[in-house]
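Okay, so chain A shows up in both of these, paired with chain B first and chain C after.
Up next, the complex of A and B:
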């Protein structure tokens, strides 16, 4: 039964100019992938006629959406591909995919046993077993888990202070900052507090679901999406905007919910704000005033993640970083790192994933920065592992560069 | 010199002529089929491609309805790869109540269908929406009928292939110069080979005029007058399938009230306008016709309003004036088979005309019966039970698996187009699997096959056999690749530029009437890349 059979995703606007093919990171590196034009608008006509024209190779799409950014005709190419996978793929997710996708399920589990999990995941024999049994590539450095989640830290140490600030926001921390790297969320809290914003957790926040979409667990993703949007409705009703830090989560909340999961977010969409544009606007409109540390020095290379390219807000990050005295900023070329969320973890994608990232790794090595600035956690894993340079979220860079005490004093009122 | 003696010569390589050639060949007659252009290049390839259930005719013309449902059942069996069992809906909209075609008419309609042997079933608007989500949600009633879609190019080609398999000869791009008339009898024809310019004589005891609307001119060459009325029917093709079930309006037949999903597109039509004979060879769809079709189409299926139009085209129905009323007021839409010996005293000539795509096989049977009668033969017709080559069981996936366990899109598409004959397409050399037309999944192998076995000489011929260039880009992306491949397969690579230019001119012509929005963007693109496309003007 055909559910969606109208001019969805603008696919017939395609003029076959093939620009999408020139920017697709996968097509250049994996001959098994037919590319965005073929997998998207071209095949969509045939899939509408008969489901047998669905091809398994659509799974190679990383959903980085560079094709959509490049398309001069406004075709939502990556959406088309994801939608076709949702509609036609009969492959049920493997154990590995389900584990990778369920960041919200694995997170609490792993956090509880973080020291053991982290050590085991770093051991060569364990990696060998994971590679052989579930197809998690053994060459991959796996992300570490934190023994204490951000939310438990926040409730104990920070929550009580938040009402005292003159302004307020709700914070969508996402799975990564909660389970893997709470320091990012702590930095966020510190920076926002310094700017005079009380930070509030969102009651009932769930995983954004992006990894579930990528791994064929659509129903679970829809459940997450509905729960999140309901939670956002309650949170925004208090007058607070929702501020996010991960570009991928943000893109999912804003775009994938209505486009792929058919979950309406129109009433809260304009209230969901990524950290960098939010702070840039607050500073440039004079709502908040930063006080920068004396003598801060850093050579920073900015890598714009694919989903940031899709959102089109990289410019805010660049301008924000440029405000920091003593920060030498180098803008890296527009290249995909090859990680694409859970894609690069998979044994069958590892080589392609590394090949895709090569131009970026080489550029980073030749620039030799102190560290790379990037808003995406999975880019961070890939770049740190493959280019050997550490990666910091702009939130953390701000936390380091701001004189937090003086900024706090200035923004108290 | 080739033997130029035949039992029967058939003029016209549309579906009627092709079907007649097949029937004659199956009955053991030495058969020659003559076509002035390519097969299926006239009205055969310029219609909806609707596999009528007959429901459309049930109320007003019970005989046509019975013919349709009977042929509908036959075609599903003998031409499974040309037919798609989409099912059909006849919907009633609130405004139909005001014009006297409300739910009372629906009752009359269903009764007439059942009387004609058509399985018509009233369903609720909710069920209709489940069956076809794109149907106008304002509907107040719906009837489900066994409509389907049929690919006229494939059907015509399959008939030609089978005729040739049974010994028939086929001459395309060959024009009827004149009849050879001896002692008041047509005993043969003089044919002009349009490419060489040479006229040759061919002899047969019987000649069949199956030239559609051009049949009036053919008959005139034997000094015979047939009163024909060309009725233009305009149609619009959309970029993809909006519906998967045929949608009709449950009311008296009117303009633009059928939306048919065919292959990768859907088609709304048609209109009916009498036109002068001079226009039959160069029909233009007017902006007014486009507007009308779009308006009516949107009331069947509102999302058409935002769907890209690929092009507009028109065919011409060969309507025949009743012999008893030469004024043309009483026009038959049924099958007309004329034995000119009894009618006009000219021996050896039969005209088969009227009818419709749907009833081509029955027309061919009637014409071949007449031929046999004139030849003094008593041979039974087998076309109702003998499957056409390629028919198989119509299961695309099973056929495509003969190529490999994991067939490519090009192989699956080829399986859909050539059915059981797909095995003749060889994917041997490394470039055979290369896609030429990306919109329609046409591979080099399929092009090579079409040239070798399906009588292709230019890109229009190739389009009719393979759908090359029929997709969203209308050839602007692929046509140079296709032209190069075709020219190479024809053995003369220098032809490529000319082939491509001719093709694009033809596509351009179809895009002009719908030249706004995305269609206009495509035209601009095409024009800039190829410097093609003459402006057209209208009096509309």
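Up next, the complex of A and C:
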């Protein structure tokens, strides 16, 4: 074994075994995509020689990173593909791509006119026009916007109370919880408060930038990354860890910043913590004590998102959900839902996106749970639309299953 | 801390065979594996029986004297994965259970004692098709136990190609590998039932 790699992303360790190809959801459903081995380490040898060997088909990679989880040799296959796109792709993002990617621009805009936006985006003629003009697939149910953002609610109703708690964390809410579904962030605040943690916003928080990376807006993503890491430095200097909720934002902050955007996060990386591992560790080490509601009952199927598979922290979510009395947990097989962030919105990807998700949708239907537990917002959109079962973030499940009042009393000291 | 009855390190033929037998006997078992393996034995029976597969790499072990208490992995950070008994089924060089420097052959997870030819010139056969002695290298076992610095680790069982003398390079040792895994599983099931 060569001890020192000459090149990036461990790609010289590729043994050409093709195990990555056996798990790639795109390769199995889109013949136009050459697959992770060919698009990643195989072609990288040539791309190192000359950029003319870059192939446009790399755009079909959804960056779910299942190839990296499967790789027995630790090759960062998806990173190689995304890095090549960043380096060599000359395609500039279309209007649609820029709109989908700029969650932080579209969010405030749409929130301001939420009732009109929500109704219009649900109308067949409007969807037809969006399909024909910018390529937003008309069959896709579009996410709703909230007329009041989480941060504006928080500042008015919750911020003043936060200093009174014995422990403190900084909360990275992300775009989705702020603009689309503030209830998630409110549930987060309620649960953390009940466990005795004061919740604090991060001054200067920006979109994580993952959708910008996926849509070729690298420079904008780098700006977001630098601003976030600076904001995290200030937040962690107060002694508070940064707790996140979305698995994709988390994976981006931890891995994509240094690997793809070359933004150094090494001094704050260990302080960025996903909700489920954070709470599981706090409970199992006895720092916090939960009091569960009596009579809580639910049949829950857990779907582990691709980026959670990459982080390897699904085990924490499972262990956490298993603590809840009355919750019957069924673990779904490891399958991609096909949404992959902004990928599934695009007209050219819609069919493939549905085909990829089919095994998962079928499994969910046959299990017939009360709801699906999942840490990812875009999996939620896809599963709710295509499997017809509602999806809840584990944060919200905890908010329902905990006796918040009694938990608060127990964790106040 | 997350606790299982048994943790199997390695998810190839030996690891999955041992883990499936252990899980089906009613014990709780986790397999920690760094990616998929080429032999790719079925995971279905293990998962169906309630077994847990963790795609991760073991970094180090935490010992209480000669008892392995738990292991740390790359992705789970400070969270210790604990078990009563562990199975080491990481295979040989290709699956990186063993590695070699210029002058030694070592076991990569815990640094267990290994059995190998001292004289490096005797590691290799003269031609590609000749017998290759290095394929017979593996962890030293005594009374069925793997050794660490001379002292036996009480609750660690080797299985499959990590053992000296077993090699599937010709593709004809799968029965031996499976049997070594079932032997390990059997002794573990008996031990846990006591």
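Rule of thumb we're sticking to: the second predicted complex is superposed on the first by the 407 of 413 C-alpha atoms of A that agree within 3 Å, B and C clash if a C-alpha of one lies under 4 Å from a C-alpha of the other, contacts with A are read in each partner's own complex, and residues count from 1 in each chain.
Quick note on the criterion: a residue touches a chain if its C-beta (ideal position, glycine included) is under 8 Å from a C-beta of that chain, and two chains touch if they have at least 3 such contacts.
Just so we're clear, the structure is a prediction, and the values are computed from it rather than from any experiment.
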| item | value |
| --- | --- |
| Which superposed partner A:37 touches (first chain B, second chain C, both, neither) | first |
| Touched partner set for A:281, first chain B, second chain C, both or neither | second |
| First, second, both or neither for A:70, with chain B first and chain C second | second |
| Touched partner set for A:315, first chain B, second chain C, both or neither | second |
| Contacts of A:101 with chain B and chain C, given as first, second, both or neither | neither |
| First, second, both or neither for A:23, with chain B first and chain C second | second |
| Footprint overlap on chain A, where chain B in one structure and chain C in the other make contact | 1, 15, 73 |
| Complex contacts: residues of chain A adjacent to chain B | 1-3, 5-7, 11-16, 37-38, 41-46, 48-50, 52-53, 55-56, 73 |
| Residues of chain A touching chain C in the complex | 1, 15, 17, 19, 22-23, 69-74, 270, 277, 281, 284-285, 309, 311-313, 315-316, 319 |
| Chain B - residues contacting chain A, complex | 130, 133-134, 239-244, 261, 263-265, 303, 306-308, 396-397, 400, 406, 409, 412-413, 416, 438-439, 441, 471-473, 476-477, 518, 521-522, 525 |
| Residues of chain C that touch chain A when the two form their complex | 1-2, 34-38, 40, 52, 54-57, 73-79, 94-96, 99 |
